[in-house]
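Each structure below is given as structure tokens.
Common to both upcoming complexes is chain A, partnered first by chain B, then by chain C.
Then we have the complex of A and B:
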């Protein structure tokens, strides 16, 4: 079974991940802050991380930098709206050598399952 | 003529390797009868939004119809072309 870590301060988003992906056969652990997400990552094994960009306290990019100090290989998908205003800090992180992909929000249950299957199990069309 | 767009995030080594692999598959399959445009979401998020790209990397076949969007690991050409073909003949 594949293990997925979701780091997002929005409870509705965390629930959407849990409900959508657990019934699809994935193990999902959620954290409501960057700090808790890093703690969870240190204590477990994960095949994929979904990480919200805009969070109070430690934001997504700051959390990504800490995660990459622990593991440079695990796929990390930054959850963000596709707007210029959100991308300046992502461009800086990329220029600094941070490895990540992006997941566009908002998304629905079907899109979330499609994206996750594509990432973890091979090409999927949508 | 086949027209493809590949939406990526940044230009790191892993992504550059993906682009080269994909170009190899497409050239082998379509010879010179295709075009491939690379779009970096970090540079052009608006276009990715307009095209309703869900995540990166996504390969879009925009012509011939129907439009197909494929997300995932493209390192297996059989998986990739099976998806393209199954939808074309559906």
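Then we have the complex of A and C:
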């Protein structure tokens, strides 16, 4: 059983993840802030994290840095519209050696499933 | 002959002689004589003091006086009376002396006769009278001469004063003339002196000679319009006539043609005045070519500045709109995405023949549409943003060719005839390739859209050099843009396309890109006449607008 953590302050986004990943059989958890996300990550075990970039409180980049302090390997998909105000910070994090992928929004159901399966199952899975 | 008796006083001490004389006078034909006698000098002198005597007959030898002394005393006593000496034969010398001293005549006793006596007395009186008159006259003359002399002296003094004044004035005049001449010669403006009556030039200063390049001789005696100085002869005769009337004329800007054919602009100020009783016109000519050039430069700089401000204002506006749009668009991203997923989820859980299936499909479709709109908006709002591509030197024809390729499917499908003409002198231009491609893509897409409902579908592309840049013209045979719309075509969100066919961002984005390259975009269009867009890009990348506005008329935007 693979576990997925979705960290996003927008309820609609959390909901869509739950709905669209339902058929994959993965177990999806959501957190509504960077702080809660880190707490959940520490307490659980996750194979993939979806992380929103623009959040109040700890934004996506700060959350990523904290996560990476705990776990350098877990795949993280940053969800962003690219012209995000935090995009520059993200580039910096990348330069600092923080590993992550970018999922460009808006994406539809099929794109999400493809991306998720791709990370969790490997290239042969889709 | 006098009617009055003549009163004679005889001073004779000899009574015989006295009686003789008395008798003679009685006999005389020469009027009447009244004779009085005195036998000594003192008596005679006494009688004389009483007056009324016209003549004195005097014997010089008297008991109480001697010879000349007798005479002198009588003369002293009555200087105004004629004295005739009665002398003896041997006394003639003495008598002569007396005559020399002032006696009128002398008679010798022995030779006396009444006729002679009377006559002598008469003559003596007459002579005396005349002497007196002469004397008076002489005195009078002397007086006159004295007066005249005094007058002359005064006049002379006055004359001398006048001469001194004249000399002083002349000196001043000379100094003033030298001073004026110096001003005339040294002036750093041109000066012409004309005879007011005829308008002929009588003098010209060195500065003007140099300014205009004509030698001195060519000016003198001619009129201003005769030396080809001023462009319009008719206007100048008129001006001259005005000058004669009003005594003053001013041209603030007079174009002149100087001898070597060059043009000069001058300020021409003329006024008339009197000198030595004659009317004279002085013309001051100041070269204002530089002032004009500076004014033109200023005008040009001002026009440039105005254009720059307009562009800056536009850019600021666009930037503000961009920020607003970006904010809204970002906000919309999540909800739209969520809606899409929700619709898709439902679709995944419903049979295709369920009546709500199509509706859900519609929801999905509309959600996608919204997302597209938002995507366009974000592209628009970030068009100045983010990592800018580098400038490259490219032939514009290459860009257009690429765009035509991108649109080739649509061009063929819709049956549009596209012709291009590229001038072989067209230079390469420094551009951001992708951005410029987007701009032309937008313009060509618009052209294709305009042709959708048309019978004749033609697009003509023209690429040629323009000034120091390149002009790309894209013309379509569409139905044209109305004059009212023409004012708004570059406004963001302005569109004449039907709903769903365009956000109206194309042209404003296009204009932004072109301005960022230092270029200009204009449009010619009219209902039924089709539309042409002209894009001019300079070869060298330049910030802001071009300073040369000459290409664009008011009609175009």
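Everything below uses one rule, namely that the second predicted complex is superposed on the first by the 120 of 126 C-alpha atoms of A that agree within 3 Å, B and C clash if a C-alpha of one lies under 4 Å from a C-alpha of the other, contacts with A are read in each partner's own complex, and residues count from 1 in each chain.
Note that a contact is a pair of C-beta atoms (placed from the backbone, for glycine too) under 8 Å apart; a residue touches a chain by one contact, two chains touch by 3 or more.
Everything numeric in this text was worked out from a predicted model, so none of it was measured.
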Partner chain(s) touched by A:115 [first = chain B, second = chain C, both, neither]: first
Which of chain B and chain C A:23 touches, first, second, both or neither: second
Chain B versus chain C as contact partner of A:91, first or second or both or neither: first
Touched partner set for A:12, first chain B, second chain C, both or neither: second
Chain B versus chain C as contact partner of A:107, first or second or both or neither: both
Most chain A residues touched (candidates chain B, chain C): B
Residues on chain A lying within both footprints (that of chain B and that of chain C): 81, 83-84, 107
Residue ranges of chain A in contact with chain B within the complex: 77, 81-84, 86-87, 90-91, 94, 97, 99-104, 107, 111, 114-115, 117-119, 121-126
Touching residues (chain side chain A, partner chain C) in the complex: 10, 12-13, 15-16, 19-20, 22-23, 54, 81, 83-84, 105-109, 112
Interface residues, chain C side, partner chain A - complex: 326, 330, 333-338, 340-342, 344-345, 348, 368, 371, 374-375, 378, 382, 385-386
Sites on chain B touched by chain A in the complex: 9-12, 14, 41-42, 45-46, 48-49, 52-57, 68-74, 76, 79-80, 83, 87
